[in-house]
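In the two complexes below, chain A is the common chain; its partner is chain B in one and chain C in the other.
Presenting the complex of A and B:
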């Protein structure tokens, strides 16, 4: 199989305007992935499926990942002159990464028996929306519904986007990292108006950012 | 189905057509239905007895397995994987262990790999046996085949119990090996069961698979084309029944499978009969793998001593590991942030994704056929709903 760099170059040549980044994976599994942009997602996916050398006809696993706001601290050692004496000083810089939701697709090729190639798409946590790849790979149908149900990513172009594991009246997205279950599941909303009204008091407010940080 | 028979099926039964033309009746099949293999519901729209629409409804057994896995440590999630597909806890353990091993770069001792293959193939035997029993029970062969199948399954479950302490919730494998070693008596006992198994298979095939009623109920029912099967992510015996040669044991070469000689049976038509036969043929291959494993296994350690499985902290990164479970591709996708519990713990359940094309296979068939088609997919709700 071609390396990810080669695949990236081929995609960029075939799909004009597509922005592809290689996301490195530090673990010994060395399963690096391609981050693709939302706009050209379906074209890139179609290329990966139909290109005769790649032929990723089998989309095995589709899943969501929730990333909260993160602060990455970098420490750089520099030399500074303090009181006329040169000293080694640690300079820490903080990079703030706003939270995002991610959809990850694991692709294999049954025709050429290679893989996996991992593609991922990112979207903001509020108003999360991505283009659905179900028209390309039918296997994403139930799995994208599951992501919609548990993570709240709306998949544009999905033929039948409904809740799948939770019940239709359920409001929150349980797999998000800031999900707090209601204190009393007896008061989960049902279609009845009076129960809906009374259920409200059992729903906790979403936690603030400081509450989420591990102490 | 052939072109002519599909046209025949597309027409409503003549006696009913005057009354029900254009009228569909919505019926909810399940969740408390003996043929849905658990709490699974299908909303079907019927024209007479012919299915015109079918929407599967999930979630009655949903307990958010993935979230529980994320709040538990790496080792704590291991016994919980037993509860996914409670027929095949050994392969669930293996898939999870394999993913963690990929994530942290752990090596497994040789004897442990052999034990894993022995247990996985025994699991495949008992899963396929009980599937055949259930499927025949769905078709109306009430009692006898299921009891025959469960008699054989019980022998294998006794083996699991003597090794791990539990019949079904085995919790046997660990990342870096297996929990306890199997002694020579256990290997001898397992070999005895495997030696006697072909006799049961011969008897079962003679009794059932040549049966006229079975053939009438399953051939040309629920046909699945290879193109649709690949696109819909169907894996396992169901994919191979459609004639697609894709067995992860051969493709990924995980464990010590390259050391074994076995064939991958393939179907021609992709109908329910092929899916039924696929299980019977796969059991023969599993028996051959088991015999080779008993001949090759050598004494040695079963646990990699370098792995500290308690308070286990893999390096930052992610890994997707998959194995050929009896029902299809079982994968675990793990993201580690360097802490003691996985940041993301995702199960790729084969029987859930195999249900994607349930509607496509059932359209134009009768309600009685829907039960047979569903039975041939081989679902377990513990895995579908997670």
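Presenting the complex of A and C:
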């Protein structure tokens, strides 16, 4: 299989205007991925599926990610002249990345027996919207519905975008990091850790000093 | 019918070849030996329930091998598995559709308390929040022997039920409800979170 850089170049040549970034994965698995922009997502996906050398005909997995606001600290060693003497000085710079929601697709090729190539799309937390890749890979249909259900990303162009796990009347998005589950901890026989903290809120208040004193 | 028969008199009569019983004993004897469960399973506990019904453990020994596909013909609901909040109204509805007298076995950690999923947002923390439960079986999942034990406990319970008097069985009491309100799907959770007529958790008291 071609390397991600090669695939990136070929996509950029085939889909004019597409913005493709390579997202590096620093873990030992080193599964680097392609970040594609929402506008050209479907064209890029169609290219990945139809290109004779790539033929990613199988979308095995679609999942959502909720990224919180992040601060990335970078330390650069430079040499500076302090009081006429050259010294090594560490310059730290901070980069703030606001939180966003992400949909990640894992693509394989049954025809060529290669893969995976991972593509991801990002959207803001408010009014989260991405273009659906269900028209390209039918297997994404239910999984995009699941992302819609649990992360609240609307997939434009999805044929049947409804909640799939939670009931239709449900309004929250449980897999988002700011979700707070309902408080039904009124009866916990053996509470511990987090459950203990939540159960304590249902315990009756301790009697105050004045209530304790016999009148 | 009257009160209990004197045990000494009964054994004396039995020795003379006369078998004496009461309506209540006959009725309960028949009921306890033909408990027909409702045929449904919710999760992995259902696999153990199926094993209990199969030949090795053979629930037919207790007269309960007739799993009914309709709640109208069932006496017993075995809540075998995780009750998700999306499924809970259907469980209560099935319970409501069962004719009296009816019994509930909550099988496994999930059915009695939510089990390993109790900190989640989508699992009901015990079916006893909405319907009355007769026998609780802990375990994850409980072995078939545990379900058989629950059956025997339930048979013991049925055997001790009274047909008349102040302590008569719930299903003969017109005042006692045989249906319970079905929870509605709310915006954040089931509404209500529990039925206070059924779910009475112990309260912590400060002295």
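As a working rule, the second predicted complex is superposed on the first by the 167 of 215 C-alpha atoms of A that agree within 3 Å, B and C clash if a C-alpha of one lies under 4 Å from a C-alpha of the other, contacts with A are read in each partner's own complex, and residues count from 1 in each chain.
Just so it is clear, a contact is a pair of C-beta atoms (placed from the backbone, for glycine too) under 8 Å apart; a residue touches a chain by one contact, two chains touch by 3 or more.
These figures come from a predicted structure and were not determined experimentally.
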Partner with the higher number of touched chain A residues, chain C or chain B: B
Contacts of A:182 with chain B and chain C, given as first, second, both or neither: second
Chain B versus chain C as contact partner of A:19, first or second or both or neither: neither
Which superposed partner A:60 touches (first chain B, second chain C, both, neither): first
Which of chain B and chain C A:9 touches, first, second, both or neither: neither
Partner chain(s) touched by A:194 [first = chain B, second = chain C, both, neither]: second
Partner chain in contact with A:204 - chain B first, chain C second, else both or neither: second
Touching partner for A:174 - first (chain B), second (chain C), both, neither: both
Set of chain A residues, in rising order, touched by both chain B and chain C: 165-167, 174
Parts of chain A lying in touch with chain B, wherever the complex brings them together: 25-29, 31, 57-61, 63, 65, 104, 106, 110, 113, 116, 118, 137-143, 150, 164-167, 174-175
Residues of chain A that touch chain C when the two form their complex: 165-172, 174, 179, 181-182, 184, 186-187, 189, 194-195, 203-204, 206-207
List of chain C residues in touch with chain A within their complex: 85-86, 113, 118-122, 125, 185-189, 193-194, 199, 201-206
Interface residues, chain B side, partner chain A - complex: 58-59, 62, 64, 66-67, 102-105, 228, 230-235, 244, 246, 251, 314-322, 329, 331, 333, 335-336, 343-344, 346, 348, 352-353, 355-357, 385-386
